[in-house]
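Note that chain A is present in both complexes that follow, paired respectively with chain B and with chain C.
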Partner chain A sequence: MIDLILDRVQGIPEWGLLTGLGLLALVAPFVAPSLATQLAFLWLMVVFAQTWDVLGGQLGYNSFGNVIFFGIGCYACAVVQRDSGLPYYEALALGLALAAALALVAALVFGAALLGIRGHYFAIATLGLGIAAGEIAAGWSYIGAGSGLAMPLYPGALGSRELFFYFVMFAIATGCFFTLRWLYGTRFGLAMNAIRDDEDKAEAMGLHTTAIKTIAWAISAVFLGLAGGVAANMLGFIDPRDVAFSGATFGVWMVLMAILGGKGTLWGPVIGAVIFHITKELFWTYLLGWQRVALGLLIVAIVLFFPQGIMGWVKARQQSRAVVTP
Partner chain B sequence: MIDNLLLLLQNPSFALDVVLNGLLAGAIFALAAYGMSLVWGVLNIVNIVQGELVVLGGYLAFVAMGAGVPAYFALPLSAAVMFGVGYGLYYTVIFRVVDKDLFISILATFGLSIVIQQLMNTVFGSDVRSIDTGLGSFYMLDGAVTVAWIKLIACALALVSGAALWLFLRHARLGQAIRATAQNPRAAHILGIDTGRVYAITYGLNGALCGAAGSLAVMAWTIHPYIGLPYTVRSFMIVVVAGLGNVGGVVAAGLSLGALENVAGFVLGAEYQIAFVFALMVLILVWRNWRAARRRTYLS
Partner chain C sequence: MTLLLDVQNVTKRFGGVTANDGVSLQVRTGQIAGLIGPNGSGKSTLFSAIMGAFPIDGGEVMFNGAPISKLRVGPIVRSGLVRTYQQTRIYSEMTCMENMQVSSRASQGNVLSLLRLKARGVDVRAEDLLAFVGLYEKRFEHAGRLSFGQQKLLEFAMALMCEPKLLLLDEPTAGINPTLINGLIDRLQRANKELGVTLLVIEHNMRVIMNLAEHITCLAHGCVLASGAPEEVRNDPRVLDAYLGAH
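Entry: the complex of A and B
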């Protein structure tokens, strides 16, 4: 049964699949307007999983602090919209540009400082980074300190806000997908995988490993920064610990979604994000207060029993079939 | 901020108060860090769930004392239960990741830390908890320096527990088996040591250390469900600075971290104390890596 479905999906050319999904995504908010915000969050999750996988999957570096770029994006966009005095859309555009730029600079600085570090050390350093940023934001009165920032009201008609942000988030998610799709096919993408497989050898071959890692992190940071600016506007309010630098929700989800879908693959994080988001929205309410416990258990279970993820599982299955029937 | 710094510099007795209270807190950090160093050295796992085990130990002591158990008995009780928790955790989760790469072990212990953190939040609530032992404080230099007796006792107990474990590793047969496994698990296995059991006991001992540290933390300071991660990061930082298997280094680094953190918390404001801990850890790693890069090596 599963093999039959897999064969069917395999039979569709990739451009066909992409066009089909793209059309579906463009029509969806008009067919079901009440779901527009939910679907926009789905695209946010896709961005989260994909950007985590750049370091986590393709480079083999666990980062628990990617949420810092999302938070920087949130605050950069919010501050521009609050202080620039421009009309709404101009301020939003400028805010998003600044969000991406600041996230990029942050990634370059942190990358240059931290990405020479390997293994356990990098993972724990990033674990500290996100929390430290949240604590600093919660104490900084210019950006609202612990009480957070409220975003300006959307000027358009009732109901158009959801549609507008849906399409902005969709654009970021698709932009991210196609950038990474292109990136993984280039020489740079191969260099990333070489670092994951054996960093010493990659370095001996003449690859500037720290520079490659930093650039890869910066690319994921740009999309996280953009997504942060848009997400802040979608939510209408940013809180330093629970929204912007939320290690316990967004920070954990991105890891989980990427591993669930299959780290180190292009489609894995997308599939993982879709499955996780739908499951979360459908069943979360039944868990009442036990959601985050379930989240942790899910991570442990996936890491222990299903570390290859859905895409890895599919690949292994196809390979075993290929061997049996030559 | 500058005002606070000047206040410290102009009042040596007050500065002594801040540093002394920090040093006493540092002993608890050192105890938790000793456990992390043990697990790191023997199982080759960086135990991200460390801080949550500390807080869980604290809650156990809190619950025990709430049920009428005297303070001097709550600590060993919590340590004993936490030995069981650690032992159980090993046989449910940790044994599956011992021989896997660090990607898996870090993610698995990270997942565990979320589970325990959120379980504590659900079961014990998110309130800040503390136990009043009713021991009072003593004063030095005409009341300029105030130290709660329990903090002094906590510091002494932390050092005694650490020393006891060190003696155990040094001289007991099981302790020698643990050290042998740390040096070369394959050879230890060939020589008839049940390495799986050694791993389980090591992880259990780590749990017991965390239980003791947590009980002391709840008696002398406060705990809440989300304070675990700072303990993990402190332990990690201490082990990184001290090096694996260096007991004296762990104690020295732990005490200095406690003092430094308390001074920073006072100068920068208490709301930045946690941020300071994390930022300090990042800085230490960057500095260590910078030094390593000059020798054409890297931190790994």
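Entry: the complex of A and C
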């Protein structure tokens, strides 16, 4: 039965699947306007999971500090919108450009500093990085310190704000997906996998391992920075510890979603993000008061029963059935 | 024949232990050279020292006429000096073809050139080399699923894939089924003759190394004990003592 469904899904050509999902995503906010913000957050989750998987899945570097690029994006965009004196949309565009640029620079700097350490040590170092960033932001009065930063009001008509940010976030998620789809299809992607499997060997085979790791992190940082700028505007308010550098929520969720969907695959993080986001929202709606407990149990269940993730499980099933793969 | 590798008085200490004590050896272009010695005599350390895995405490390594002892692993490999390991090291979650393609010379390019290259695709050279080591049928299998011996062959093919001038092989026959060893010797000789790869081989199997190498160096306690044609080294009383434990 499961195999039958898997075969059916696999029978659909990828472009067909992408077009179908794309059309659905374009129509959805008009069909259900009350869900537009919810769905925009779904795309944010997709960006989170996909960008985490670049290092965590494809390169074998578990980062618990990726949220720092999101936070940098939040603040960079907010400061430009506050101080530039430009009209709303121009300020937003400039803010997003700066968000991406600053996140990129941060990834290059942190990459040079941290990507020399491996395994658990890298995970701990990045965890520290995320926490430190939150504390610094909470103490820096130029960006509002502990009381946070309010975003400028959206100038459009009532109801158009949700739609606008839905489509901006959708564009970022789509751009991220196709960038990574292309990236994983290049020799660069193969080299990332080689580093994941045996970094010393990859170095001893002449690969430019340091450059590959740093550039990979920078690519995921750019999309996180963009997503940060848009998310700040969607929320209307940035809190240093609970929104921008929120390691305990966003920071953990991005890891979980990628693991749930299947690390090291293109579609895994997307599927993981969708399932996780829907489940989480259902918990918030129907298990109010117990939502964090339910989410905690879900996390334990994911790690226990889906260590390979959904795509990993599908792959293993196919491999056990296939005799010779072409 | 010109000197391809010239190791001059290399010394490497780990704390109080001198793993290599003024070791010198030469490998000429086109040669198959052997490196033997009892366990712990510093053979693998010498390979690591040549490959720039750690800084050496004294001496110099010349490769293709240029000093390389100050270089790190990456630049040394890209200049055409490649090693394989005693324990196999392959990319276990990738297929054999992917293992081969990521080992090509093109994959050693900078990030921009990697972004312009397709990950997979038809690669005649990779297929030919897999066929050369007898793994063509396994080309779409995950490398981690291969047996130990097959992984060793894959690692050898990967090393050939990056077109080395000199290949350092650390015990290529260890752990390989005795009936396959003859086939491996044949392949090493063909790689040397047909592909023009100079070889320096660490080997414990005396039958193998005596048949294979034109020139053998024997290490003991980190020093060169004897060096010369296989016959001379085999009959050298000091070498016999080292192996039989007279020290």
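Simple rule for what comes next: the second predicted complex is superposed on the first by the 303 of 326 C-alpha atoms of A that agree within 3 Å, B and C clash if a C-alpha of one lies under 4 Å from a C-alpha of the other, contacts with A are read in each partner's own complex, and residues count from 1 in each chain.
What we mean here is this: a residue touches a chain if its C-beta (ideal position, glycine included) is under 8 Å from a C-beta of that chain, and two chains touch if they have at least 3 such contacts.
As the structure is a computational prediction, the values presented were derived from the model and not from experiment.
Visitor: May I ask you to decide whether A:282 touches chain B, chain C, both, or neither, giving the answer as first, second, both or neither?
Guide: After superposing on A, A:282 lies clear of both chain B and chain C.
Visitor: Applying the document's definition of touch, where does A:132 land relative to chain B and chain C: first, second, both, or neither?
Guide: A:132 sits against chain B, while chain C stays out of touch.
Visitor: After superposing on the shared chain, does chain C or chain B touch more chain A residues?
Guide: B
Visitor: Determine, under the contact definition given at the top, whether A:188 touches first (chain B), second (chain C), both, or neither.
Guide: second
Visitor: Examine A:206 and indicate which partner it touches, taking first as chain B and second as chain C; both and neither are also allowed.
Guide: It touches chain C, and chain B stays clear.
Visitor: In the superposed arrangement, does A:5 touch chain B (first), chain C (second), both or neither?
Guide: Once the two structures are laid over each other on A, A:5 reaches no partner at all.
Visitor: So in the superposed three-chain picture, is A:153 touching just chain B, just chain C, both, or none of them (first/second/both/neither)?
Guide: A:153 sits against neither chain B nor chain C.
Visitor: Just checking: does A:293 make contact with chain B only, chain C only, both, or neither of them? Give me first, second, both or neither.
Guide: After superposing on A, A:293 lies in contact with chain B but is clear of chain C.
Visitor: Do any residues of chain A touch both chain B and chain C, and if so, which are they?
Guide: none
Visitor: Contact residues on chain A for chain B in the complex?
Guide: Going by the criterion above, the answer is residues 60, 62, 64, 113-114, 116-121, 123-125, 127-129, 131-132, 135-136, 138-139, 248, 252, 255, 259, 289-290, 292-293, 295-300, 303-304, 307.
Visitor: Can you list the chain C residues touching chain A in their complex?
Guide: Chain C residues touching chain A: 51, 73-74, 77-78, 82-83, 85, 89-94, 98, 101-103, 105-108, 110-111, 114-120, 140, 158, 162.
Visitor: Show me the residue ranges of chain B that touch chain A in the complex, using the header's touch definition.
Guide: So the residues of chain B in touch with chain A come to 46, 48, 93, 96-97, 102-104, 106-108, 110-119, 121-122, 229, 232-233, 236, 240, 269, 271-272, 274-275, 277-279, 281-282, 285-286, 289, 293, 298-300.
Visitor: Please name which positions on chain A make contact with chain C in the complex.
Guide: 183-191, 193-194, 196-198, 200-209, 211-212, 215, 264, 324-326
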